[in-house]
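Two complexes, one shared chain (chain A), two partners (chain B, chain C).
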Partner chain A sequence: MIRVRAKKKLHTSDGPMELDVCFESGVGEFVTLFGKSGAGKTTILRMMAGLSEPEEGYIEVSKEVWFDSRKKINWPVQKRSIGFVFQEHNLFPNMTVEENLHFALQDKKDAGMIEALLEAVHLTEFQRRRPAQLSSGQKQRVALIRALLRKPKVLLLDEPFVSQDLELRLKLQEEMLDIYKRHNASVIFVSHDFSEIFKLSDRILVLDKGRIQKSGRPDEIFAAQTISGKFKFPGVIVDMRQEDFLYIVTVQIGNNLTKVVAAENEVRGLSTGDHVLVAAKAFNPIILKAFPKENQKT
Partner chain B sequence: MKFDFGPLVLTFQLAFATTAILVAAGIPLAYWLAVSRRSWKSLIEPLVSMPLILPPTVLGFYLLLLFSPSTGVGRFLENVVHVRIPFTFLGLVIGSVLFSLPFMVNPLKAGFQNFPSSLREAAYTLGKTEKETLFKVILPNIKPALWTGIVMSFAHTIGEFGVVLMIGGNIPGETRVASIAIFNEVEALKYAEAHIYSGILIMISFSILFALNLVNKRGQ
Partner chain C sequence: MNTLMGTIVDIHSSDMISMINVDVDGDIFSSIILEGKKGPFHYKLAEKAHLLFKETEVGIAKNLSGLISFRNRFPARIKKVETGPVLSKIILDYRGKWIESIISTRSVGDMGLKEDDHVEWLVKTNEVSLMPIPQ
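Entry: the complex of A and B
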């Protein structure tokens, strides 16, 4: 069980903002903090990790109180059982892959984990290389498994896939989800990528202007609840063209481009770059905006 | 002509001792200067760099006075600890360490400051202490800065004159280092000996800087 209550004044590009959040998460739950950049997502992770200090608040993980402003408790980063994956891989350039992983071990008896994890992410033959000799996807994979070697109570992932291209991102996500579920790790995940969190999260906290505006299962948060689609895919509009009386909307769903025919009233308010859901009712696919404007990725 | 290699040997003994002490003291000091947010840090920083602009004779003069057996500190050292500093090799080492301090601390400090804080934080999130992070993550990644500090301190100590002369004097076998020996020979109009000492120092200085460039190029 994780309990977080935190207040902190932030200086964002839009001026000062007060971050004021409160949430809980269960063991093994995959919780996503979703919101625009500057909404305070990364700060929440950093406060949980002890890299940043709330002005007021309370952080508890598995019955250990890591931070309590009233009782003046503030555990140092090192003492908090976390695995942190940053946007940039942050591997140590002076160490090989294997050395990076060994360095992360809390208990040298766990060294056996290294081999298994390297195999799980298909990097066994790269273990003697230095980070500079790896592709960006390989580096991020090493970082993702390095975070597990301490056997942390909670994994904090700060947009770990953001610098990867789409194809790689999808593959990495699947691998990671699989590994993290197997290790029964609680995950707090930060992202502003709509399709990514739809797939990964058990629960989503929508963060805006420093507050949690909504919380719930992915389909509760994003889907327009009114439709009972046979299928629903989240995607992004890449192109819209008018042909005679109809519109052809090209939507990128994962790796695929899908063309959806839509009437003029359906495309009203849609534009290229919008996040949408492509859903099928009884017969033809319909297309509609995924979630209200204020949550759109800009 | 009988050529005395003693001053050259002494010069290198002094340079090695000074550099070793500066590595041990300079790393923690430079790290502290790079990461500390204390306000009185701004008083320490100019003190560390002062030997860069201060005439060496000023430093030597005050060290001489400080450690002179006629003052409190000097008397204490002489009577209680039984150590004498003026006109001894130990005095040379103390003077050189202070005088070469910026050559070790400033490159290291810049190295620490330019080291990405995200990598430091990554080590902390893996449960590593500040000390472990410093020695296993930060220092191995700023080797060029460390090498620059070591080589510059070493080379600078070889080239020292003013401080050494003030606090050490010109005692053969004890404090007469190469730079002072040259002065001595020239004063005695023995140009041949002065040429030998000077030539050796020129070659050594060049080779040291040449090697440093090679090392740093490889590190990039």
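Entry: the complex of A and C
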């Protein structure tokens, strides 16, 4: 269980703003902070990590008090059970991938985890390389698994998938989600990517001008502001072709490729790689049993 | 996608399905949605909403007589007909608003559709999506 109550005056590009938030999160819960830049998302992560100090409030994780302004408690970064992946990945340039990961280990008995994690993020062949010999996506993946090696109670992720190409991004999201669930870590996640948030989050906190305006499941948060279609999925455009007056748009939804027929005015401004919401009236889809009845187990 | 804007003037609900009527400059459009008395409901009387429907769901009729179950049928004038090998695009002037319909080129031929024809366009209630406009 995480309990956070924090107040802090911030200076943003829009002028001074008071961050004033209060939230709780359960063990193993995946919570996304969602909002415009400057809403205070990254500051919350930094306060939880111990890199920024609230003026007033407390931070409690599994009954340990990491911060309490009244009792003058403020644990240093290294004492807090956290793993973090920020946009800049801060790997040691003079160490290989493997050495970076070994260095991060708190308990040398966990060295066995390294091999499995490297394999999970497709970096086994790169373990003897130094960060400079890796692409930014690969460096980010090293940072993602490094965050797990200390078996942290809380993972703080700030746009951790930005540098990944589309295909790998989808794969990584699934694998990381699986790994996080297995480690039972609570995740506090910051992202602007709609389809990513929808897929990963258990709960979303919508931040605006330093306050939590709304909190709820992804479907609750996004349903109210979108169209009445009950058949809707976030996806990514992988192909667009024109045929007569129509465009055949191929959209990747999860691991499936689907085709959507759209008129010219619908595809205006869209291109391959764009994140979209595919919606239809719930009346249109046809539902068929996937297997003949006799083959199904009862 | 065709888009029209109007005001919600009537909501008729069962437990999980509702028929919502929207007034667009005096014409009443109907949309059926999968929200009802049970569960969350996102529409309110007198609120503004967008009506969205695909070009491929808009049918065209000429000299239509007798009864028909389509609730959304409105008169329009054909502004332009663009024909392709299989499909054609009909651009309609509906009370000064632009509505597009994509139908088969065969139907365009069979019906002899051409510019300035007076026709009716139809769209089924369950093909019309509603998007409330935040106040």
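What we mean here is this: the second predicted complex is superposed on the first by the 226 of 298 C-alpha atoms of A that agree within 3 Å, B and C clash if a C-alpha of one lies under 4 Å from a C-alpha of the other, contacts with A are read in each partner's own complex, and residues count from 1 in each chain.
Just so it is clear, a contact is a pair of C-beta atoms (placed from the backbone, for glycine too) under 8 Å apart; a residue touches a chain by one contact, two chains touch by 3 or more.
Fair warning: this is a prediction, and the values are worked out from it, not measured in the lab.
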Contacts of A:218 with chain B and chain C, given as first, second, both or neither: neither
First (chain B), second (chain C), both or neither touched by A:137: neither
Touched partner set for A:261, first chain B, second chain C, both or neither: second
First (chain B), second (chain C), both or neither touched by A:244: second
Which of chain B and chain C A:35 touches, first, second, both or neither: neither
Touched partner set for A:88, first chain B, second chain C, both or neither: first
First (chain B), second (chain C), both or neither touched by A:77: first
Chain A positions touched by chain B in one structure and by chain C in the second: none
Interfacial residue positions of chain C with respect to chain A in the complex: 1, 31-35, 40, 42, 52, 54-56, 82, 84-89, 100, 102, 126-131, 134
Chain A residues within the chain B interface of the complex: 49, 51, 76-79, 82-84, 86, 88, 90, 92-94, 103-104, 106, 146-147, 150
Chain B residues within the chain A interface of the complex: 118-119, 121-129, 136-137, 140-141
Chain C partner contacts - residues on chain A that touch it in the complex: 220, 223-230, 244-246, 261-263, 265-266, 279, 281-284
